[in-house]
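Each of the next two complexes has subunit A plus one other chain: subunit B in the first, subunit C in the second.
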Partner chain A sequence: MNNTLIFFLVAHIFLGTFGIIFLTAYLLSIFKKENGVKWLKINSLLALLSFVGSWISGGYYYASYYGKSVKPIILKGDYPWVHTVLMETKEHVFLFLPFLTLVIFATTYFAHSDIAKDKKLALSVAGLCFTTVSIALAIMLSGIVISGAVGK
Partner chain B sequence: MGDKKSILSAIIISSILALADIVFLTIFGELNQGFKSWLTGTFSHHWIGKSVISVIVFMVSVPIFYILRLRNVNTTVIIWLLVAVVNLSFGILLAFFLFEVNH
Partner chain C sequence: MDWNVFLRELHVLGAALGVGGSTFVEIFTIKFAKDKKTDIFEHEVLKVCINVVRIGLIILTFSGLGLLVLWRMRLLGPDVFYSGRFLAKMTILLILLFVALLMNFKFVNLRLGSAVSTACWYAAMILGIARGLDLSYFAIMAGFGIFVVLVYFFLEYARKSYLRSK
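Let's look at the complex of A and B:
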């Protein structure tokens, strides 16, 4: 694996982790009464940028290296289901994240005054944020298992 | 807020469509190798094809739903609908690939 691929793989992991951190910060601050809107906007924008960056960097690594060099090793190893179930699900579910964070960002940007007043709307955005974080964590755990399966 | 609400509703509903499109393209691609080969041939990789098509679906549907002026759509309801679609889509893809392994 050359330095460019290592850079994109590391960027994919770091940006995905940052996205989870920013969304968790968003989730923790959505019901705060004071000084919340500014940080909701910042965290949702950073989460969106992180996941889009992770999408592009991970996509480059996946499309140019994983299929040719990593996938065959996993399929010949003791745990081929790690690719056929975990990786296949991970690579497609990952495509959801930019859209979900875009909705969180757009709702925060266009309806921040309503989020502050309307508890039902705030709860729905929190529900979407929690779902997005849960899926991102599941993707991250799958990535750890996939990395582990390469050496087995 | 009326105009902003129309844009927001268009973005949320278009995201639901994009997610449904990803699930459809993924399952259809696995069941129809000709389609998967077309994605690979056209976009250099089937995953890039699915990414590009889902973005196109989103970009095309946002202005369409915006023109429809969906001011009366309850934002809370469509966000919960998106949450339901996300969870369902995740479950469908996981179940599909589990099923594929065993058959």
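Let's look at the complex of A and C:
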């Protein structure tokens, strides 16, 4: 693996994790009155940028290295289901994350006054945020399991 | 200093902040419980401790991910990634995160959530130190379950003993 690929792999992992952290911070602050909408807007924007960045860097790594060099090793190894089940699921479910985060970001930007007043809407956004964090965590764990299937 | 040493040191620092912060959250919670209300100063002290725990968790997560990248590049594979100790550490980290969210929304009793959170930090530290531990995932998680119960009852005992002594 050359330095460019290492950079994209690290960027993919770290940006994805930052996305989870920003969405968790969003979730923790959605019902707090003292912080207002400012941090909700910042966290949703940073989460969106992180997931988009992770999407692009992961896509580059997958297209230029994983398919040619990693996938055959996993399929020949003791754990082929790691690719056929986990990676196949990950690469499809992962597509949802930027769009789910975009919905959270757009709702926060265009309906922030409603979020502050309407508890039902705030609960719905919190539910969407929790779902997105859960999916992102599941994808992150899948990534760790996939990395573990590549041995000597 | 190579990346491995740097990331390991960061990982230890994150664990130290998390374990230390959660310990002091418990100590101060017990100490501040004597008048059954939290004033502004007490609230600020607890907030600082919780922020230390959060910083510890972030350092621990990123240094851990850095170590995973190194292991991946060295092709350490299933022996490390699928070991009971590693999978148990990942599970405990997830429990820690979900308990923090549940406590924030008051879906879980604060004393119980706090005990689980403290137990998670100590368990992660013990698993980090016990490098030679060769137990299955289920054996480690069963031990963790017993450990959580012990920590809960220990904290309840400490709380009652302190309140009786005042």
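In this section, the second predicted complex is superposed on the first by the 151 of 152 C-alpha atoms of A that agree within 3 Å, B and C clash if a C-alpha of one lies under 4 Å from a C-alpha of the other, contacts with A are read in each partner's own complex, and residues count from 1 in each chain.
Here is the rule we go by: a contact is a pair of C-beta atoms (placed from the backbone, for glycine too) under 8 Å apart; a residue touches a chain by one contact, two chains touch by 3 or more.
A quick note: this is a predicted structure, and the numbers were derived from the prediction, not measured.
Superposition of the two complexes onto subunit A shows subunit B and subunit C fitting side by side, with no clash. Legend: residue contacts after superposition of the two complexes on their common chain; A:Ala111 is shown touching subunit B, with no touch to subunit C. Set against each other, subunit B and subunit C touch different numbers of residues in subunit A, with B touching more. By the touch criterion stated above, A:Val150 is placed in contact with subunit C alone, subunit B being left untouched.
Within the superposed three-chain model, A:Thr4 lies out of touch with both subunit B and subunit C [touch as defined at top].
By the touch criterion defined above, A:Ser69 reaches neither subunit B nor subunit C. Within the superposed three-chain model, A:Gly127 lies in touch with subunit B and out of touch with subunit C [touch as defined at top].
Of the two partner chains placed by the overlay, only subunit B lies in contact with A:Glu91; subunit C stays clear of it.
In the superposed model, A:Leu137 lies in contact with subunit C only, and not with subunit B.
Superposition on the common chain places the nearest Cα atoms of subunit B and subunit C 18 Å from each other. For the contact definition in use here, the subunit B contact set and the subunit C contact set of subunit A share no residue.
Interface residues of subunit A, counted against subunit C in their complex, comprise 1, 6, 9-10, 13-14, 17, 21, 24, 27-28, 31, 78-79, 130, 137, 141, 144-145, 147-152.
Chain contact summary for the complex, subunit A toward subunit B: residues 55, 59, 62-63, 67, 81, 84-85, 88-89, 91-93, 95-96, 99-100, 102-103, 106-107, 110-111, 113-114, 118, 120-121, 123-125, 127-128, 131-132, 135, 138.
Partner subunit A is touched in their complex by these residues of subunit C: 58, 61-62, 65-66, 68-69, 71-73, 75-82, 90, 94, 97, 101, 104-105.
Within the complex formed with subunit A, the subunit B residues making contact are 1, 4-5, 7-8, 11-12, 15, 18-19, 22-23, 26, 44-45, 47-48, 50-51, 54, 58, 75-76, 79-80, 82-83, 86-87, 89-90, 93-94, 97-98, 100-101.
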